[in-house]
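Got some structures for you, see below.
What follows is a pair of complexes built around chain A, which joins chain B in one and chain C in the other.
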Partner chain A sequence: MSRAFRPRSLQEAVALLGDPELGAVPVAGCTDLMVLDHAMRRSHRAVVDLLGLAELRGIRWAEGGGSAGGPVVEIGAASTFSAIRADPLVRMHLPILAEAAATIGAWQIQNRATIGGNLANASPAADSAPVLLALDAELVLVGPAGERVVPYRSFHLGYRKTLLAPGELIARIRVPVPVPGTRQRFHKVGTRQAQAISKVVLAMCCRREPDGLLRGVRFGVGSVAPVPRRLRGAEQACEGRPAGAATAERAAAAAAAEVHPIDDVRSTAAYRREVLARLVRRMVLELAADAG
Partner chain B sequence: MQEAIAVSDTVRFTVNGEPRCWQGEPMARLLDVLRYELGLTGTKEGCGEGECGACTVLLDGEPVCACLVPMLQCEGRAVQTIEGLGGADRLEPVQRAFVEAGGVQCGACTPGLVLTAWALLQREPRPDRARMREALAGNLCRCTGYERILRALEHTIAARQGGGAPAAGTGEATP
Partner chain C sequence: MASTAAPPGAVGKSPPRPDGPAKVTGATRYVDDLALPGMWHGATVRCPYPAARLLRLDPAPALAADPEVVVLTARDLPGPNVIQLIADDWPVLAAERVNHACEPVALVAAPTRARALAAAARVVVEAEELPAVLTLDEALRGDPRAGGQQPLVLAACTVERGDVEAGLAGADLIIEGSYETGHQEHIYIETHGAIGIWHGEEAGLEVIGSLQCPYYVHKALVRLFGLPPERVRVRQAPTGGGFGGKEDFPNVICAHAALLSRRCGRPVKIVYDRHEDIIATTKRHPSRVRHRTGVRRDGTLVAQDIEVLLDGGAYVTLSPVVLSRAVLHAGGPYRCPNVRIRGRVLATNTPPNGAFRGFGAPQTQFAAERHMDRIARALGLDPLAIRERNAYRPGDVTPTGQRLDASTNALECLRAAAERTRFRERWRAIERERARGRPDDGQPWQGIGLALVWHGSGFTGDGERRLGARAGVRLLPGGRLEVLAASTDFGQGTSAVFCQLVADAAGVPLEQVQVHEPDTAAVPDSGPTVASRTVMIVGGVLQRAAAQLRARLLAFAAERAGLKAERLRLVGGQVLDPQDRVVASFAELADAYLAAGGEASWIAQHQPPPEIRFDEKTYQGTAYPAYGWCCDVVEVRVDPDTLAVRPERVTIAADVGRAIHPVLCAGQLEGGTLQALAWGYLEEIKLERGRYLNDRLQTYIIPTVLDTPDMETILIENPTPASPSGAKGVGELPMDCGAPAIVAAIENATGIAVHALPASPERLLEARRAGQVVQPQHAGA
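Presenting the complex of A and B:
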């Protein structure tokens, strides 16, 4: 029988998870954990329930809350995707996060699955990951050694490997509020529009300056490498260049060359590479089309 | 300190309004407790991995997959299953509309679909088809092709607005 703990504070949760004698695993929405537990007939010595912790809930605006000094939208790690997709701050300032949240599982899953769990589970196909890369989010981690803030882009070390230390948790996600005029795009390709695990999932953020040139271009992509990752080559192909067919072609070629997709049960490497190139091309062309 | 916050192996919750006091493995699936311990077999197991929605129940009014909810997290919460919605002698309007519109064939998906549909219509009185499709996307049906299920929801909405006029039927023409 598992020992179960329902901590009353984040501090208690961290103390429990940091106790090697206990060997406890953290649980939140359980939408990944319970699938594996059942399929593998696996059980846990101890579990620590994070869902009830008020410190991990809520979505709020924080002035000067990020490392860069600007305002951030701060999202508690145990926020469900239902809460995220309905949140007015997210919808207004981070529309691609609301869009991604609405594509993660279906209603039943969105009511339970949390954004912190989506990141900590570290699937290369996690749909919130590319969005948080494109928005250059930071993670507030809390563990036995205290609190630290890390850029999300450095979080994934390898397939299903993160920089979370033993006993460490994701407490909050800080997303810098994009400056007005920032374009945000999200596109997911799966076998159906709902409830699908992505074959390719792409998010983009950038500004189109008054001179027509693209600046601050960031692409985040999932399902085409062992980890969710930025597309640095495609970003460089766009940075400081006009939105248009030539830039779109260069960015698409760069994206196809810099990813390492695999053949698996959901798709093939060749399909993923081709679709990614087309999505990058289309997003850049759309920037040219909606010149404001 | 740890003992002070350790959860006892007792979970107090309600099922269809009835208080329950349950003891057992904290990571047991709500689905198994409902079916095998409480005998509420209206909740079906399909895939067991949160994909098909056959095990949908309402947790504090929200649709969830009972196969992915550990008993630990049911403490103090209200679970509603299809048995709590209505039986053959007192069908909810949405249940009657499923029957009349031909939205039920083999029946495996029906309890979950009815609960999701009911929860949607509780929140949004007049969802359009796109919204219905989105809300029901986590409930797979391999018999009906969904068309008659969507019609059942439309009939429920129409009946509500038309003072209960039964608009349900199996005719192929979409109103």
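Presenting the complex of A and C:
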């Protein structure tokens, strides 16, 4: 028999999860957990429900909330994708996060699936991951040893391995508010129009300076490596260059060269590499097409 | 303006289906919802290897962990270790040799499903893996089961007409092509399930299952248990979809549940979860079809040389019948004087393939339709022109020598769909656009494509004659009528249509008619619910039975009233005299008749006209009593960067003879079209060491509502003389058409010619890199 706990505070949750006797796992929307439990025919000695924790909910503006000192949008880890896609702050400042949220599963899944679960589950195909990489988010983690803040880009250590310590939770996600004029792009290539896991998922964020050059270029990509990752080569190919066909082609070539996708049940390595390059190209071309 | 008055009677209208309210409110109880007193649950132990020698099955660990469970192997069977279908090669439980991955080797029963599954996982299966044949190419190189030097051929047949070599020699041009299709899983909403109820040696065996063909299961159980037929009873539970998948496989799962029940002395239920359902049950046969076609410059076909290869999987199942339908449809709906079609089903060490909506015809017509487009391009013709030139007309003769009757509407369907969509103009405009070159700017590419198909209704050849379907009507108190047939409704709406046909033939209002649950203890054998035969063949038998009932009751009424029977009429549930005065209500009359001890059931039997003959040795004669015709025009949008395809609109023009229930008829066409489109561009099963990799709904991708295009259905009604109602089959027809049409549309949009299904973005990229690109056609623009 397994046991279920509904802690009333984050502190209580952390205490329960830190108790080696209990052997409890955290659960939020359960949309990943139950699928895996069923497929692996596994069960848990105890579960700790995070959905009731006020500390893990809500989306708010915080001045100087990030390590860099600027304003951030702070998102509770137990926020559902329905809440995220409808949130005015997200829609205004982080439109690609709202866009990504709207592609996750379908309505029923979005009503339960949480952003913390999406990251902690650590699938290379998690759709919020590339967006948070492109937006250079930070994670606030809470565990038996207290709170720590880590850049999201260092969160994934390997295939389904994260730097979460035993008993540690993702509490909040802090996304620096992009400066006005920042361009954001998102494109998901799924297996179909809804209820689709990504074959390639790409997000981009950058500024176009008054001199017409691209700055602060960040690409986040999923499903082309064991972990969601940045495309440093493509970013460098764009940084400080004019938006346009030449930059687009160079960035595309760099992206294709720096990823090592695999053949699997959903797609092929050749397709993923080619399509990633085409999408990087398209995004950079679109920057040029945008007036200003 | 003349008002279009609705015809009298129920046929041609779309009344609510009788099973609708219970399904919508959730009251319908499927196998999984049924709980019988004392019932246990069964689970299946499977061997993971594609080919192996079984060394040892050890239930000890399972029994040690849970002493109450029951474990059963091939040694415990009461009769031959055979799943009764066509050949005797399919074991109930593998005994010595395992021939495909996930083959059942033992069964387990326990008080709960969880305990049964846990016990099944503990049964030790020791096996020595043997060399396996996993693909058609490997099969062609030689199968150890056939001595290693040659393929194991599960079925073969040939159709020949005219002189193919002479025809090819005289052709202006010979065009060759090879086309492949992959597995397809049915994904009925309800997975397989059955309950076995052993009542003891005297009272016999009862099985309740989710199934299409009660009498198939009956025959299989009679043989396995060695019981007299009357001591085996098979009942169909409400069934959540079949698509052919519940034609053959219920023979397996019902046998398993029955065996466990006999062993435990209590009811035992087996229900597969989706994963088990996918790994263990039959799929559509993968195919490879080669065409060598001789044509004249103007596009006229002069010779078709076609070779059909199907991958049968490990056992024969229904493959010979699938192959014969595949071969008989392989030329497409086109006249050609010299034809040779040779077909073979080869064995592989993969799970057995079986019945699936279309039954081989979708595979061969995918090839035929893509080949027509290839011929058209080679000759500079558009897809419409080549088909207009060659499509069958009434009076044309098929490769089996059958002269087509007046209900031959290939051209009408083609023209209706083409005109509705302005096909030619738009297809050409897109070809010109491709020729001019398009900016590489991410703007989506549009494409339009079409396909034309035929589909024979009813059993192939002399099947209906051999079967002699029986069905009937019973008179109940109050003048209610009950349909007695073993034909099952698994979603298509058979019950609704049977009620309509019987109501009109008997002359009673629709509300007076109901359908008896298909139950071999209560209904005659009207044959399996397959082959688009139910409305046309069984419906016709029911109409005859209902007419007999009507005649008998009128005679009875006449006797009572002292009138001549010919002078009375039964209309809308009233018996009328020549002055249209009500002599009696039907209800009153029926009660009096029953009280007088009248016979209450009328059973009729199907008798094909004697001139309809088919010779299975020469493959000459009437292959099918009637043919449905269908043309799809598919419009797609393709993302030039990702090659992701979105079907946006499909126009379906279909000749179904007569639409008994237009809403259900359109429903069959639309649902079948979506299933066909998805097989064409979306659904795929990859295999690794003979196991399906896409073995869950997470990875076996079927279309969602957002993937579903807008559909318009144009019904062309040209009644067939082969059935009293004029209806031809509609269930399978649309399955033949969608895949070649969407692949044609993709070709028009991208220039990429895909010859293997599905035309997934991955395959499109691969094909483009391999240079499978067609030149845009701009001649005559």
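The rule we apply is simple: the second predicted complex is superposed on the first by the 292 of 292 C-alpha atoms of A that agree within 3 Å, B and C clash if a C-alpha of one lies under 4 Å from a C-alpha of the other, contacts with A are read in each partner's own complex, and residues count from 1 in each chain.
Throughout what follows, a contact is a pair of C-beta atoms (placed from the backbone, for glycine too) under 8 Å apart; a residue touches a chain by one contact, two chains touch by 3 or more.
All figures in this text were calculated on a predicted structure; none of them were measured in a lab.
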Classify the contacts of A:Glu239 with the two partner chains as first (chain B alone), second (chain C alone), both, or neither. neither
In the superposed arrangement, does A:Glu55 touch chain B (first), chain C (second), both or neither? neither
Counting only touches as set out at the top, which of chain B and chain C does A:Asp37 meet: first, second, both, neither? first
In this superposed model, does chain C or chain B come into contact with more residues of chain A? B
Just checking: does A:Gln195 make contact with chain B only, chain C only, both, or neither of them? Give me first, second, both or neither. both
Please indicate which partner A:Ala106 is in contact with in the superposed arrangement: first for chain B, second for chain C, both, or neither. both
Does the superposition put A:Glu258 against chain B (first), chain C (second), both, or neither? neither
Can A:Glu249 be said to touch chain B (first), chain C (second), both, or neither? neither
Indicate the residue numbers of chain A shared between its chain B interface and its chain C interface, in ascending order. 35, 39, 106, 193-195
Can you list the residues on chain A that touch chain C in the complex? 35, 39, 41, 106, 189, 191-197, 200, 265-268, 270-271, 274-275, 278-279, 281-282, 285-286
State the interface residues of chain C toward chain A in the complex, per the touch definition above. 117, 121, 275, 441-442, 641-644, 646, 682, 686, 693-694, 696, 698-699, 701, 703-707, 761-762, 765-766, 769
So, in the complex, the side of chain B touching chain A is made of residues 1-2, 5-7, 9, 25-27, 29, 48-51, 53, 56, 59, 62-65, 67-70, 72-73, 75, 116, 133-135, 137-139
Inside the complex, what are the residues of chain A that reach chain B? 1-8, 12, 15-16, 19, 22, 27, 29-31, 34-35, 37-39, 43-44, 47, 49, 51, 82, 102, 105-109, 111-112, 193-195
